[in-house]
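Following are the structures in question.
Here come two complexes built around subunit A, the first alongside subunit B, the second alongside subunit C.
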Partner chain A sequence: MKKIYAFESRCLGCRLCEVYCRTARFKSKDVVKAHKRKNITSAIIVEEVLGPNNISYFALQCRHCKNPKCIKACISGAMYKNDKGIVRNDSEKCVGCLSCILVCPFGVIKKNDDGKSVSKCDLCADFGEPFCVENCPNEAIKFLNEGEARALK
Partner chain B sequence: MSLDFNTPDFEVIRNGNRCIQCKVCVHQCANAVHFYDEEYDVVCVDDSKCVNCHRCVTLCPTKALVIRKYPLEFRENFNWHGKAIKEIYKQSQTGGVLLSSMGNPEPFPIYWDKMLLNASQVTNPSIDPLREPMETKVVIGRKPERLKFDANGKLLTKMPLNIELKVPVMFSAMSYGSISRNAHESLARAAEELGIFYNTGEGGLSKDFYKYGKNTIVQVASGRFGVHKEYLNAGAAIEIKIGQGAKPGIGGHLPGKKVGEDVSATRMIPVGSDAISPAPHHDIYSIEDLRQLIFSLKEATGYKKPVFVKIAAVHNSAAIASGVVRAGADAIVVDGFRGGTGAAPTRVRNNVGIPIELALAAIDQRLREEGIRNYCSLIVAGSIRNSSDVVKAIALGADAVYIGSAAVIALGCHMCHSCSTGKCNWGIATQYPELVKRLNPDIMYKRLVNLISAWNNEIQELLGGMGINAIESLRGNRLMLRGVDLNEKELEVLGIKYAGE
Partner chain C sequence: MKKYLIIGNGAAGVNAAVAIRANDKTSSIKIISDEEFNFYGRPLISYYLSGQVKPENIYYRNEEFYKSKNIKVLLDTKAKKIDTVKKEVLTSLGERISYDKLLIATGSSPFIPLIKNLDFNRQKNVFTFLTYKDSIRLKEKITGNSKVVIAGAGLVGLKASEGLFGQVASITVVDLADRVMASVLDKSEADIIQEHIEQKFINFKLQMSICEVQGKSSVSEVTLSNGETFDCDILVVAVGVRPNVVLAKEAGINTLRGIVVDEYMQTSIKDVYAAGDCVESLDLFSSENNRVFALWPNASNQGEIAGFNMTGAKIKAPKIFAMNSISFFGLQLISAGVISDSRSSGVFVDSTKNKLHKLNIFNDNLIGFVLINDNQRAGIYTSLINDKTNLSALAYDITSKDIGFNVYSAEERTKKIFDCNGGY
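Presenting the complex of A and B:
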């Protein structure tokens, strides 16, 4: 299964991936329009790590675990794994208990502004290549099979 | 002193309707022009620090930013114009020599734009490069006087040492130190893929790059940084740098803050120490001394590497070039006054040296008159901007050209002329790891390959139009050029006719 891999040595910390992740949910894919709406949260998070000489950045997003703890913890059956192995959240079923956030070992599920729903990466499964990967200016995040990623790391 | 006469050069305009406060500009500006005000939860701008490098404009996801010339006007005065006044403000505040980067921006004539190329009509056929073979390969180095064959047609003449370029364009000397490791890697990889050469510049060569050796020209300059036997043997050719077009007669100075671990190891100097290249080579005071160095280098490399000598285009270039050829150089490189630099005193950059077009024509003419043109190749540099500049240079007598500014522009340089600050937002002229990262060699080497491939296609089109099918047949063919907007003297130096003649 293809997943998103972050390459720390190439990450600029510009956070454009976060901008495009928020935009990806909107049909028009218009950045300005998307950001005028409330209740949008990026499902990719750029972490800043202060080193001795410089700052390094690292993009984090859902790993689509083999045995996802979030699915086990979900009380309403909103969190599920689809036939392609992508862990998704059905917003119709989600009751906003936030149990998934508590159990996620990577901290990559985020509470939306309304406090009653969550955002997580679904690899932009509904419309092709993940939007963050497509718009990364430095090819620091790539959409790869595990083997390809291992060869590059 | 709180009184500051300086005013911003640029104004950053943020379109409030489009800005989404994503702070990409804040994260990308190494000059801290954009900053986030926590108190008011808003992104703000400090115009005075802007160098107009377009990094924020390019990366802004909503195209909410525009940078303009700062609209503050001085009272109109042709003599005491704003730039002259601002320079005095700056110098009277700091007491320092003004520094600039990249090439001479002053409005001196650009002779490339005053020369026009010929094309075939009726009396001789033009060639379509898409249908017929077209050669853009050139060979650099000494050429034999004549070729001798035995009765069976076998070549008897011992051919001198030559190197071959698939396209008559090379990447000129930019040292590791003045440009980043990633920029260097991009140039090396592109040169390898294109079958051309890149030049190490005077900063030595990191061992990691030895694998690109067959596409590398190693430079020996007055500072002798990183020069050792292994280094000399690592490349395909050696270049002795006497002068640089942007700053003829001046040495170099790489500030200590750019000398990190890796640059220090490559240059063989302590971490954090200034790398100062003296103005002259302290062992060269005559053509005879130059000959000694050329042959020392040949001796060190077992006479297996051609030796180039690079000089800046100055008033007596033709006579100097003649001496350089007689000193035993296999190629002479001439760098015109528009050539770029990481840092040069502004007054030198803007006022010293001569246009490359005139120097090239004069040198080629002189070497021919003296019957020594075939002893060495002639390579020109100093703001070759496009393929027609290349073709015109070859028609004027060059064997190949070097491009530096054009290459860094392909890597993302936006010509903000601020290399000397070391805070290049595009990751080119910097050593800060977080900025170097911004230049991804995997992406950037392809851009260089694209650029040169595009030029190669255009060169073929132009040659085909002239009815020529090999670039070697164009060299020094000045009948293919005509001048416009030039006076008698200029035409005489260029050795070309006026349009219509």
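Presenting the complex of A and C:
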């Protein structure tokens, strides 16, 4: 299964991936409008790593675990794995209890501002390649099979 | 071809059935349930009560799910007796169902305290709050004039109050403890939750119990331990649950407070397994004492492990610890592990109004945390507890700033990203 892998040495920390993640979640897919909408939560997170005399960055999002803790913890049946192995959240069923946030070891599920559901990476499954990957200016995140990713690390 | 039989159609039972099917494509899998509804999110019954969850959304998985996995569910059927020698289960319909491997996943029942003159069989306005049926009956009974009394300020009692809010005339919550959610929270955290709920005009009577009720065919008045009496149109009893062990006990299976299982979720009798709210689990923080936990994630995990092991796998169940994520009127509480100050060598509290962030650290390990309205990335803390990670080996002091995945070294991060098994 293809997932998004981050390459820390290439990450500029520009957070464009976060902007495009929100765009992907926005109906019109208009980046400017999506950027202004504060109620759309990005499902990719850019983190800082403070070194002795430098700062580096990496992007992180759902790893679509083999046996996801978030699905086991879900009290409503909103969280599920589809036949391609992608862990998805059905916002119609989600009640925003945040049990998934309680157990996600990567801390990559986020509460939506409306408080009624959560945002998580679904690899842009409904429309082709992940937006964040396509729009990363420095190829710091790539959409790869595990073998390809290991070879590049 | 084997015959798998599961008693109980809850989180534990259904996750077991799914795990069995994943490992065994052909055998027969049957689930017996004494409820009339298909598997639903038990914690959603308060959301049904409030109207936030519509009846069609209370079901955890759709019909297609069971069909595609060829899992047969017998609703409205109670398991009356287990014969572990003949390997069969007698049902309330008089049927004998034989099994090769049996799972007992019977969950828990509401505990009913001794209250003078209380009679669930006669009084039509007293309720427990554990099943979808309870919630449906309660919703039918309430009116805008109802004066509701809830016994129990734990998670279930408070969720019931939230579900009723706005639909009744008044809500009074009574509890013996000096605080809400006493089994989960310390006073300082509990007070934040209580004050928030009080803003919704829900009254609390703490350090008190209901000792008597008045009324024959329905309760009209309750008397508290301090002598105070007040009107009551609806009484909800939610003071806690007890594991359903009788069926197992009568079959000669070892039980204490819960059903005793080994680390593979097998009971004292071969080929009989048990999982979920009905068992005693190994506690991560106590080597001597097993504990009964009534938690959804634990029930799902144990059910899955039992299911795998019933098909011949040998997977050990992990030791567990308490964890909760719950909201009351928009106030979000996330907590895990040991919370009580008494065990800790360092508690770091950072509380501004309605926001609290407490980490409980003991011997270089995170052993518990409480977050109120501060939920981002809580799962990383939960992992630190679960993995018993040495805090001194992390990239920074976790009390010094908001936690991120950057708390791990680059090497550790890469390892976790490639492993990502999830698991227990």
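Rule of thumb we're sticking to: the second predicted complex is superposed on the first by the 149 of 153 C-alpha atoms of A that agree within 3 Å, B and C clash if a C-alpha of one lies under 4 Å from a C-alpha of the other, contacts with A are read in each partner's own complex, and residues count from 1 in each chain.
Please note the rule applied: a contact is a pair of C-beta atoms (placed from the backbone, for glycine too) under 8 Å apart; a residue touches a chain by one contact, two chains touch by 3 or more.
Computed from a prediction, not measured in an experiment: that's the story for all the values here.
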Clash or fit (per the criteria above) of subunit B with subunit C on subunit A: fit
First (subunit B), second (subunit C), both or neither touched by A:Lys93: second
First (subunit B), second (subunit C), both or neither touched by A:Arg63: second
Contacts of A:Ile55 with subunit B and subunit C, given as first, second, both or neither: first
Which of subunit B and subunit C A:Lys81 touches, first, second, both or neither: neither
Subunit A residues touched - subunit C or subunit B, whichever exceeds: C
Superposed arrangement, angle subtended at the Cα centre of subunit A by subunit B and subunit C, nearest 10 degrees: 160
Shortest span in Å between Cα atoms of subunit B and of subunit C, once chain A is used as the common reference: 17
Subunit A residues contacted in one complex by subunit B, in the other by subunit C: none
Contact footprint of subunit B on subunit A as seen in their complex: 9-16, 18-20, 23, 31-32, 35, 53-55, 135, 137-140
Parts of subunit B lying in touch with subunit A, wherever the complex brings them together: 17-18, 20-24, 27-28, 59, 61-62, 432-434, 437-438, 440, 442-443
Residues of subunit C that touch subunit A when the two form their complex: 15, 41-44, 47, 52-53, 57, 59-61, 296-297, 300-301, 304, 323-327, 330, 332, 334, 336, 375-380, 382-383, 395-396, 403-406, 410, 413-414, 416-418, 420-424
Contact footprint of subunit C on subunit A as seen in their complex: 5, 8, 45, 47-50, 58, 60, 63-69, 72-73, 75-77, 92-93, 95-111, 115, 146, 149-150, 153
